[in-house]
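Letters A, B, C and D mark the chains in the order given here, with residues in each chain numbered from 1 onward.
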Amino acid sequence: MNQESALTYSKVNHDIIRMLDKPTVKWWSLFIFDLAVLAFGLFCFLYQVYTGLGVAGYRHPVFWAVYITNFVFWVGIAHSGTLISAILYLFRARFRMSIYRISEAMTVFAVLTAGLFPIIHLGRPWSFYWLLPYPNQRELWVNFRSPLLWDVFAVGTYLTVSSIFFFVGMIPDIAAIRDRVKEIPRKIIYTILSLGWKGSTWEWGHYTRAYFYFAAFATPLVISVHSVVSWDFAMSNVPGWHSTIFPPYFVAGAIFSGLAMVITLVVPIRKIFHLEQFITIANFEGMAKMIILTSLIVTYAYVVEFFMAWYSGNPYEWGQFMYRAKGDYALFYWIMIFCNSVVPLLLWFKKVRTNIKALFIISLFINIGMWFERFNIIVISLSHDFEPGGWGLYRVSWVELGVTAGSFAWFFMFFLLFIKILPALSISEIKEILPAPTREAKAR
Amino acid sequence: MSEIKKGGSTKPVLSKGEGLITGGIKRRDFLKILGVVGGTAAITGGCSPEPVEKIIPYVIPPDTIIPGIPKWYASTCMECPAGCGILVKNREGRAIKIEGNPLSPINSGGTCARGQAALQGLYNPDRIGGPHTRNSSGRLEPTAWDEAESILVEKIKEIRSKGNGNKIVFLTNNISGSLNRLIDDWVNALGGRHIVYETFSHEPLKEANRISFGINKIPTYHIEETKYLLSFGADMLETWLSPVQYARKFSEMHGYKNKSMGKFVQVEPRLSLTGVSADEWIAIRPGTEAFLALGIANAILSEGAASVTSGEADKLNRLVKDYKPDVVSLITEVPTETITRIAKEFVESRPSLALGGGAANTSSKSTETLVAINILNYIAGNVGDTVNFGDTLTLSNANSFREIASLVDSMSKSEVELLLIYNVNPSFTLPKTLRFDEALKKVPFVVSFSSFMDETTEQANLVLPDHTTLEKWGDYTHQDSVYGVIQPIMDPVFNTKSIGDVILSISKKIEGLESQFSSNTFYDYLRDSWRGIQTRLAPDKDFEAFWTDKVERGGIYREIAPIQVRLSQEVSTVSFSEPKFEGEGAIYFMAYPSYRYYDGRGANKPWLQELPDAITTAVWDTWVEINPETARKIGVREGDFLSIESPYGNITTQAYIYKGIRPDTIAVPIGLGHKSYGRYAQNRGVNPIEILPVLTDEASGGFAWLSTKVNVSKTGKREQLVKTQDSTSQEGRGIAQAITLKELESGVHEQHELGEKFDMYPPQKYIKHRWGMSIDLSKCIGCGACVTACYAENNIPVVGKGQVAKRREMSWIRIERFYHEDNGFDIRFIPMLCQHCGNAPCEPVCPVYATYHNHEGLNAMIYNRCVGTRYCSNNCTYKVRRFNWFTYNWPEPLNWQLNPDVSVRTKGVMEKCTFCVQRIRFGEDRARDEERNVRDGEIIPACAQACPTKVIVFGDLKDGESTVSHLAKDERGYRVLQEVNTQPAITYLKKVTWDKA
Amino acid sequence: MIKEQGVFGIFSYIDSTVQAIKKLREADFKNLRVFSPFPSHEIEEALERRESIVRFFTLTGATLGALCGLTLTILTSLDWPIRTSAKPIVSLPPFMIFVFELTVLFGSLATLLGLLINSRLRRNAPRIMYDPRFSEDKFGIAVVCKIEDIRKVEEILKLSGADEVQFEGI
Amino acid sequence: MMKKLLKGCSGVLLLSLIFLGFYLYTAESSTKAPEQPIFFSHKIHSGDNQIPCQYCHSYVTESTMPGIPSMQKCMGCHTFIAGKDEEYKYDGKAINIQKEIQKVKEYWDKKQPISWIRVNYLPDFVYFTHKRHVLREGIECKTCHGEVEKMDVVQRVYRLQMGWCVSCHQEKAKDGDELTKLKDCLTCHK
């Protein structure tokens, strides 16, 4: 706390804008490595387009696998960002101030990544635009009854709105940078980006209003997007997919994984840029508590799935869930349970949830667990549905792994650029929570 | 898309030698074939840039061909000795589909998978493109026809000049009819011999008939009339005598109609595909069928139930008196009560019929076994009733294995100077121990007329490739009542020449033969011999009219009534004993003929390779079937490579754990393990014949297939056994349902609620038709004809072993098999294809309307709109949709077979059964042109058409009078997984089973 | 652009800024421009600014979005009615998703537009009456006034504790 | 304000460009008359000499395909008609009719077909039957092929694109049921 009191407005400016100094060798090497991985991912994708989807590990009847898993995973990641920035904003949760910019950036980049996979997994990616309702000479439109089209709109909207939200939130801070940097090229860039922000009262007036509306839109949007994603599965009739609990289950899962990812990202940044003053233990604890909550919800969903399968007396459902726990993919299933339901229980202990290292490790576990949750839902359900005659196993191929690695590289590329180009913490909002300088205070 | 466009044969111009051994096809003919660019469709995105296409007109338009209009020609199938009648579809001068000829009494419309695949023989990329001769360096090199012929002429002259005409041998398969006569006369004229070799020639049947009735022939059996069928290992639904014919007759006998059905009991150590259709499987000890038959006879006679004269009765009693059921039970390991029960059923439910002599179960005592079976038939009064000696098989003329053996012997003794080989592949089908290859090397000059580079042809000095059946004139007789005509469907694809023409043309050059063989072409010769037939059968008719009529109908079909025969004296001389087995091994070794490859001649046809074996669902390879008990003993799991060791060598192949085989027996299918014979056949699987001893059925001299005991050991190597269905159980989900006769009679079985009334949406509106289908499981024998027919009709690509291992086979219809062990072991088949659901889960999830429900109830799939999200398939309850993981190709000239009316799909699109929408479209168009409604049964999808047992009925559910709409309301009717409420257009009729005694 | 001229004071304390604003308004100088490093309620209150009109932009956008969603889905479905399983051609439940998404999308875009237009975010860099320190830790008040009032204004600013006071004009 | 306006305009422009791009992408290539191996003038044959279309394209009423006249058919007339030995004007070039007909004879003597360049093109995944359109529905050739009798070298008049077919199908439909049938994808796609 006393550290925080040492903060002054100018120190805030200084410390945060300092992050944008010339990139170090470490940063460059990291960046280059990242690009290399990305290039490999791109190669894998092009190879797949050229030869055909067969180079991926799909096999009858498992027609969706790692690609869609990644899609759901990244969309999930994308959620906590908006949650922290929008929902917590509406709830005036103070612990969000220091981390919301990073998580918003994460949101935007995660959506950018997620958006790739529906195209990557197409059999004929070159005609992906047929999914858009555009006027054409064939007089053909799209099928608005298809959950995939709901995806197109939901994800599209989500990307647009979260980017706006992200950008608008940054305008004042960019102005601050503009007023600080001297060297010409950066000066010009930031000048343009800041749209001539002056911090005058009328600007602030409209700004706060607008910001409130964005938040108000983003909140239901976030819920809707992941509900829609969950409907990709819930709307079908595949045992293990066709379930009413999916939307809340998925939303909770999304927030769960998203928070974990935030921690995974924030911890190292905090360390590297010495932001202990801004990002405090208290902030982490706040997130840790939310993780406990969401973890419990997810665990509850796991239990309920089993219960419903058993209680409904639906042989297909029951067969499916017994298969998950005991069948060919049982390992993955238990990895999921361990990572998502068991590990987070540690956070009940204050010692653990106030220990940065522990948090970091736990967050990694959760990321893995949540990836496998999606994998299990998609692959296991498909390989063991109604018709025993059609059952078959799925084995992943190097192409899919390559593309997956590429997607992570893609995400981190944006992130690396972000922390070097844009203010990773919100300057103006941190000032809001600082005590305003008054003459009385000075006098005393 | 470009490569598939080629594959799609929009313009497959085949220059000399391209992708072929040589010759290729005469360009002019080819253009004639091509006619107008039309060809098979290849689908592209909505964004196809236009290719610059050439339109090539006819030079002289063939009067028979109108581009775009298919023509059908009747002919006869020669894929096995059964000689089914076929109709072949010709589009733009190309044969593109084979269907059974409804007029032919043999198959009456049906075909088997092998028959369907004949097209891939015609268009096989590994066919020999032209005549070859062995050059100085000892390699076969292409040559011209007249050269090749003159070489042969010189050879013959040389031999005759030495007066060695008797050292000329013509070795052919069972080619009855004119060609047979020609070859007979020709070889005789040269002073040589004509030897007819069939791998499965069933000598014991003949011999047994001679002994018991004095008739040295193979009769026909009227299975359709029997009420009780008792088969001692006769695989009449697979390869035995005339599988398609007997499959049809069997379904007539065993199919459930007006509250009754016949009973079928199969006696064999290994539950064969035929046995699967049986109501009862008796796993008898290998080689002891004779005793069981005698035991049953004994029981019948002692009951005094036999319908024989007293004299015969005493005679028979003397014969069977020692074989009391209890005694027999000890030998055969069949419970006594079973024996007595069967005896009872056999005489009580008449007419009954006992069959025997399946190749796989032919032991060294087969003749005796069959005599015993004859006795059984005789005392049950079946002979002259369901056993028809009036109408016998030409297969009876085949030489016995013993004679073949002696030929090989004389070859090795250099007593053969010129060996002409036609349509047989002895170096593959004869056991290694017979040393045929060595003997062949002793023959100075070998001529092969084979169209394919098989093991024997490879060793020939001269290769004069014959046309395939679909390119030439000929005739064939399977049984006395049928004369089948063979007519060319299209111009030869390669530079081949009909064997008949070759013989005639070389005869011209050999003095002494010109006069006898004066006809210019084999076509003339054929007509002459048919003049003979006409004067015999229809002397009053004018020949031309007669001839055209027969050619159009595909042949002459007559009725020949059974003749009455009495038991001969010789029967009493027969003595019964257990057969001989070679090898010290503990396990009986069974090599059984494959219904996909017959004796191996089918192995070069990708469709057959990719057709899953009905019982194991394995493809593209050989396997060994082993009982779980035995497997446990030697610690074997599925996919383990087992080494099978007989005194004559060993083979190594993958294990398949199969409950349908006795623990003391293992079985390996015949047909694979070729060393050559084209890219699809060679170096694939193993050939079990290699390790068989040269052991004959003593009495008849037929080859004893079941004659070895082997040692089985693990090699330690293990691989995934590539098959198309992993699970063997239907998890009680009622996919393939069955119902017992008693339940049906009593009517106490739950009537199935059919979807609509539980639906939240208003029922679908159908404008004119609602196409639907019914599938009768009590008739399905799992032969896979429908699957292959679908491949042929719908341009379904063959993906190869590697891809099938990933379950990426493209078959639109698959035969699922489920094992049942509740009471006794039995297997159920169910053909699974797109159900064209009224409430299809696949439709609403497609974002681009690539699949939707059309106004005739078809679940349409528009390939060129598909972007490949594959959501539809995820959501498909029946998992019948197939995805194009790659763009698949048809090597030239296989692509000539592609159906122009069906798009060839390219990578990245979904595909599935369309109920043969192209046929529906044509049917409706025809109806509209004739200003009438579509008649019931007018439109038949490929699967339904091919089915030899008429399992599948297709029609309009909206028309209340149609057969299918009646069947949809049948008491046995149910929809697969109907609780999902997809409201399928396909009604399955439950399999009917006898209540287990 | 209208010619402006006025006095321009820079403060380091928020309370003194507020005090200055109050005084100026009492002295009937209503045309004030106040700058702060962060949105400050005190200042807003002191200026008695009325509610931002961005909300009307938002409302219009959202309504427009909803309508678009409805018409797009229904009209295109009717344009070429294609049956998928037994579902009605116009199946509203799924269409509602599009109504919602487009409402949000158009709403946000309109809000953005409203923000840009209303707070006149267009100039490249503020030239006059601005000090870079405003984005850091200083507050500022610009008073647009007539020449004769300059003295008076400077007075007020100084008294209420401005660090610097200067005259600026164009 | 200028900047904002510019921004807006450029955005709109971009969008419309994308749509235009899509349209052109899905549209087909140009429709100019190709260079045929022989100067065959439909104008002379069906225009001046009034030879009915079906004389040469004889399968049009009985098959899906119209049929391209065989060489035999050409020679049926041209063994007797040698053509005038005069220059015929066709876009700037002067063509000697007799020579052209001579070429046909040469092909015939070589028993070789003329490989024409295809003018009217339908993708392979489309099922189109001339019989149904011409015989049953009595649609004139020119409805799709334009006034061929006025062209020397035939060129494509209509692009024969889906939208075009559909619009006609829509007009032809008498009632709702027929509309459903005519707009059913399976009517034209195989």
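Operating definition for what follows: a residue touches a chain if its C-beta (ideal position, glycine included) is under 8 Å from a C-beta of that chain, and two chains touch if they have at least 3 such contacts.
Just so we're clear, the structure is a prediction, and the values are computed from it rather than from any experiment.
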item: Distance-maximising chain from chain D - centres being C-alpha averages; value: C
item: B-C compared against A-C, more contacting pairs; value: A-C
item: Between chain C and chain B, distance of the C-alpha-averaged centres to the nearest whole Å; value: 83
item: Distance from the mean Cα position of chain C to that of chain A, given in whole angstrom; value: 30
item: Chain B and chain D, separation of their C-alpha mean positions in angstrom; value: 47
item: Whole-Å gap separating chain A and chain D, where each centre is the average of the chain's CA atoms; value: 55
item: Interface hub residues of chain A, defined as touching at least two other chains; value: 136, 138-140, 142-143, 145
item: Touching two or more other chains - residues of chain C; value: 80, 82, 84, 87, 116, 122
item: Chain B: positions in contact with at least two other chains; value: 46-47, 841, 844, 846, 849, 852, 854, 865
item: Residue numbers on chain C that touch chain A, as the complex places them; value: 12-16, 33-40, 42-44, 47, 49, 51-52, 54-55, 58, 72-73, 76-77, 79-80, 82, 84, 87, 91, 94-95, 97-98, 100-102, 104-105, 107-109, 111-112, 114-116, 118-119, 121-126, 130, 132-137, 161
item: For the chain C and chain B complex, residues of the former touching the latter; value: 82-88
item: For the chain D and chain B complex, residues of the former touching the latter; value: 25-26, 28-29, 34, 59, 62-65, 67-73, 108, 111-118, 121, 123-127, 129, 131-132, 136, 162, 177, 180-181, 184-186, 189-190
item: In the complex, chain B residues that touch chain C; value: 759, 761-764, 837-841, 843-844, 846, 849, 851-854
item: For the chain D and chain A complex, residues of the former touching the latter; value: 19, 22-23, 26-27, 161-164, 166-167
